[in-house]
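What follows are several structures.
Each of the next two complexes has subunit A plus one more chain, namely subunit B in the first and subunit C in the second.
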Partner chain A sequence: MKLKKIAVSEEGFIFDPETGNSFTVSSTGLFILERLKKGMSLDEILRALLDEFEVDEKTARKDLADFVQQLRLLGLWEDGKR
Partner chain B sequence: MKKPYEKPVIVKLQMGFVSKAGMSALDKLVRAEIDGVSVDELVERFGSPLFVFSERRILDRIKYAKAVFEGYYPHVEFSWSYKTNYLDAICAIFHRQGFTAEVVSDFEYEKAKRLGVPGDKIIFNGPFKPKSVLERAVSEGARVNIDSFEEIALLEEIAGNMGKTVSVGIRINMDTGVRPQWQRFGFNLESGQAMDAVKRIAAGGKLTISGLHCHQGTFILDADAYRIEVEKMLSFAAELERTFGFEIEYIDIGGGFPSKSRLKGVYLPTDVVVPSLKEYAERIGMAFISRMEKPHSPYRLVIESGRALIDEAGFLVATVLSVKRLPDGTRAYVIDAGVNLLYTSYWYHFNVEVSRAVSGTFEPSVIYGPLCMNIDVIEESVMLPPLNPGDKLILSPVGAYNVTQWMQFITYRPSVVLIREDGRVDVIRERESLNDIVARERLPEDLKL
Partner chain C sequence: MLKAGITGINAVDNPAPGIGVVKGLRTAFSDLQVVGLSYDVTEPGIFLASLIDRVFILPYPSRGKEPFFERLMYVREKTGLNLVIPNLDSELPLFISLEDELRDEGVSLFIPTKAQFELRAKDRLIRLAKRIGISVPETKMVSTEAELTKALDDVGFPVMVKGVFYEAKIAASYVEALKFFREISSRWGFPVIVQEVVEGDELNVVGVGDGEGGHFGLVAMKKLTTTSLGKVWMGVTIRNEALFESVEHFVSETKWRGAFEYEVKAAGSKLYLIEINPRFPAWLYLAVGVGVNLPERVAKAALGEVPSRDWNYEAGKLYVRYTEDFVTDMEVFKRIITRGER
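After this line comes the complex of A and B, so read on.
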């Protein structure tokens, strides 16, 4: 399970070279994507979110799971079958 | 110092799609208060969901309607369409502004009387007027608009029993270009049925016709349909006076004027689609003035407007209960108000506003009600920022029909409050309790647990 190869701009503009689709992300979404690209695990990202933002763990954990679900639905998350 | 948090969201960009930048007018989506009263405070005091009506908006709308209609034609009687919203407080606001009551059933007649409306200030319409209530209406001097041949016979019987001639109106239907054409109410004009009804009444000798009534439909977007309606009614009235010697006093054109609700299937903004009330007033008023044969004893123009006067004065405040992501990626919110409270959601889109500014990317979202039923969808797709449980949504306009057609189903109907002109907030209908719902039930002795 990992993030597909995508281009992430500093402003939150995402480009998927395989499909040509483009996306925008919120600032926290960008924060997560940048760390996923670096290969950080979801647990590490959760801790990073809690360190960086004014948010409780329950909310952050739920939102992070939801964000991964969004990536999966948008075809940006590979389940490692290939 | 940690950074402020917003929910992580990723949205696919599409050609022609409203981008985050395009939706940056976030303020437009925020309604922190209604008439100066904080939405959050309203919920704290009266619970959620909560219907909120604005007295000021109602009064402003009445003032506007009177000004535009009387500007074109001075002899106007406004009659409040009870079925649109028959809460006592709402009706009382209209009656205090000189509106008569337009009722269509035994219940509505009795409700108007109970509120203190005199019989001669009540217009009794509708396809079903039970005999006992019809007798009461006739004896109390209400204006009855006849819907069928059966009703002619019934009224003649009542007139005979009372030993007097009863003055009535007849309801007619006609082609004004509006489709679908409403043909089930009253007597059809073009086929000659309306004239047959008049002949029948004249031959009976117990009733006299003093008015004509027509209600051509609902949410009519073509103002010119009213010009056609008025012209046809006026020539029919003239014919009745000439041929039968009836003295017509009033021409009742019904209602049907639209509000700023957005009809489903219509993609243009309501400001483009919905003509202003002034356009209707102009067509109607000018038709009266130009066709009037007796300016010294003019007909009274009766207008039974409902929706156009109350819809935008009503709001429903609801609370987000849970947040879901559907398998197709759509964000979904479950709120505490469903189609049980928002009957009009089957036909209209609502403006959806949030009680506080929420930062984050807008996403097309679906709003579900709390009912355990698949049909309970308030909005299929509305652009919303990422909301959390507890956030308050304000849906509008909901002032017309919802608090009459709402249904009691698996839960209680909420409180209804009225924000007064001076900013006071009065409860005008309390939240239901278990006893309100079970009071009429009877459990047979042998079934008791």
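After this line comes the complex of A and C, so read on.
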């Protein structure tokens, strides 16, 4: 499972060069996406979220899972089935 | 000097590709005379003297081969015409049947063969899709109201009701489908095509087949906004390997010669073939703008030169269409009506 090859701007504008779809993300979403693009694991990103934001681990874990689910629904997260 | 005849020079809300083709040729050739070939005295291209040097009205293709050929010979005599890029479906069969005679008279074309033109006809698309190995939305050909009822039971709603040549409407109920069936069959004849509506992104590819199974470049686009007629108003270039593979399969399987537009719906990673047009699309200037000058390549191929095959363009380039208005003298209009040329 991994993030699809997408273009992510510093302002949080996302462009999928394969489908032409574009999206915007919040600064937290951008924080996660930048780390996914660097190849960090979800556990590593969870640690980074806990370091960066005042949030408890349970909430951060749930929000991260929700975000990845959103990516999956938008076709930006490849499950290796393609 | 290249003296190129270009048809489809109407840039209205349902634009033809001609103006985009002219812009492409103007970018590529400095020693060029553009001859607009028009069927209607109100086509805006007739008045665009900065892009189109001369204009001649042609007889409608439905009048047959002879008057059409004679008129083209007249244009050749007046201008030295040595190339034609046809841009309308309805005139292509005539240009295909006249290709050899025109070449003998020094007018070159680079267009599909009759067999290729017929392969992608709407009522034969399913067979072609099978050959290429791409899915098509569930499709039924119907010629009677009884067949329509059966097709609607099979396909369900909403459903596309399409003319065999032009026009497509979405029907949400039997009553609506029947109304469209009657309207469309009275305009375009039979069969009428009843097709499943596939939800997904509309992706289009413009390309030029080399006639030997390869191509002189492809550019893919996703429509971002369209007019009420479904014509692209804003689009963005994409690079989609599965889509390119499918197009290349079509080109190699049919040995397509000349310009084409390949239209698909992408539902997730699955592609459905919607249509293949045997000519450039109206949005082809996007290809020129990203450095893949397909009109130039068609012109070179027609003239027996070796066109570039580079199509390494960037994804994420935006296509924006806009309208422009201008004021010109009545003289041009008068001349085109009375003399059929300017």
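Structural remarks
In this text, the second predicted complex is superposed on the first by the 81 of 82 C-alpha atoms of A that agree within 3 Å, B and C clash if a C-alpha of one lies under 4 Å from a C-alpha of the other, contacts with A are read in each partner's own complex, and residues count from 1 in each chain.
As a convention for this text, a residue touches a chain if its C-beta (ideal position, glycine included) is under 8 Å from a C-beta of that chain, and two chains touch if they have at least 3 such contacts.
Bear in mind that the values here come from a model prediction, so they are computed numbers and not experimental data.
When both complexes are overlaid on subunit A, subunit B and subunit C end up sitting side by side without clashing. Shared-chain residue A:L64: touches subunit B; no touch with subunit C. Of the two partner chains placed around the shared chain by superposition, neither subunit B nor subunit C is touched by A:L36. Touch criterion met: A:G20 reaches subunit C, while subunit B stays clear of it. A simple residue count on subunit A separates subunit B from subunit C, and the partner touching more is B.
Once chain A of one complex is fitted onto chain A of the other, the partner contacts of A:I6 are absent, as it touches neither subunit B nor subunit C. In the superposed model, A:T28 lies in contact with subunit B only, and not with subunit C. Legend: residue contacts after superposition of the two complexes on their common chain; A:L46 is shown touching neither subunit B nor subunit C. Of all Cα pairs linking subunit B with subunit C in the superposition, the shortest spans 6 Å. Residue overlap on subunit A between the subunit B contacts of one complex and the subunit C contacts of the other covers 21-22.
Against subunit C, in their complex, subunit A makes its touches with residues 7, 15, 17-22, 75, 82.
Considering their complex, residues 14, 21-29, 31-33, 49, 51-55, 59-60, 63-64, 66-67, 69-71, 73-74, 76 of subunit A touch subunit B.
Looking at the complex, you find that subunit B touches subunit A at residues 2-13, 19-20, 325, 327-329, 360-361, 386, 388.
Residues 201, 203, 221-222, 224, 235-241, 266, 268-269, 315-316 of subunit C touch subunit A in their complex.
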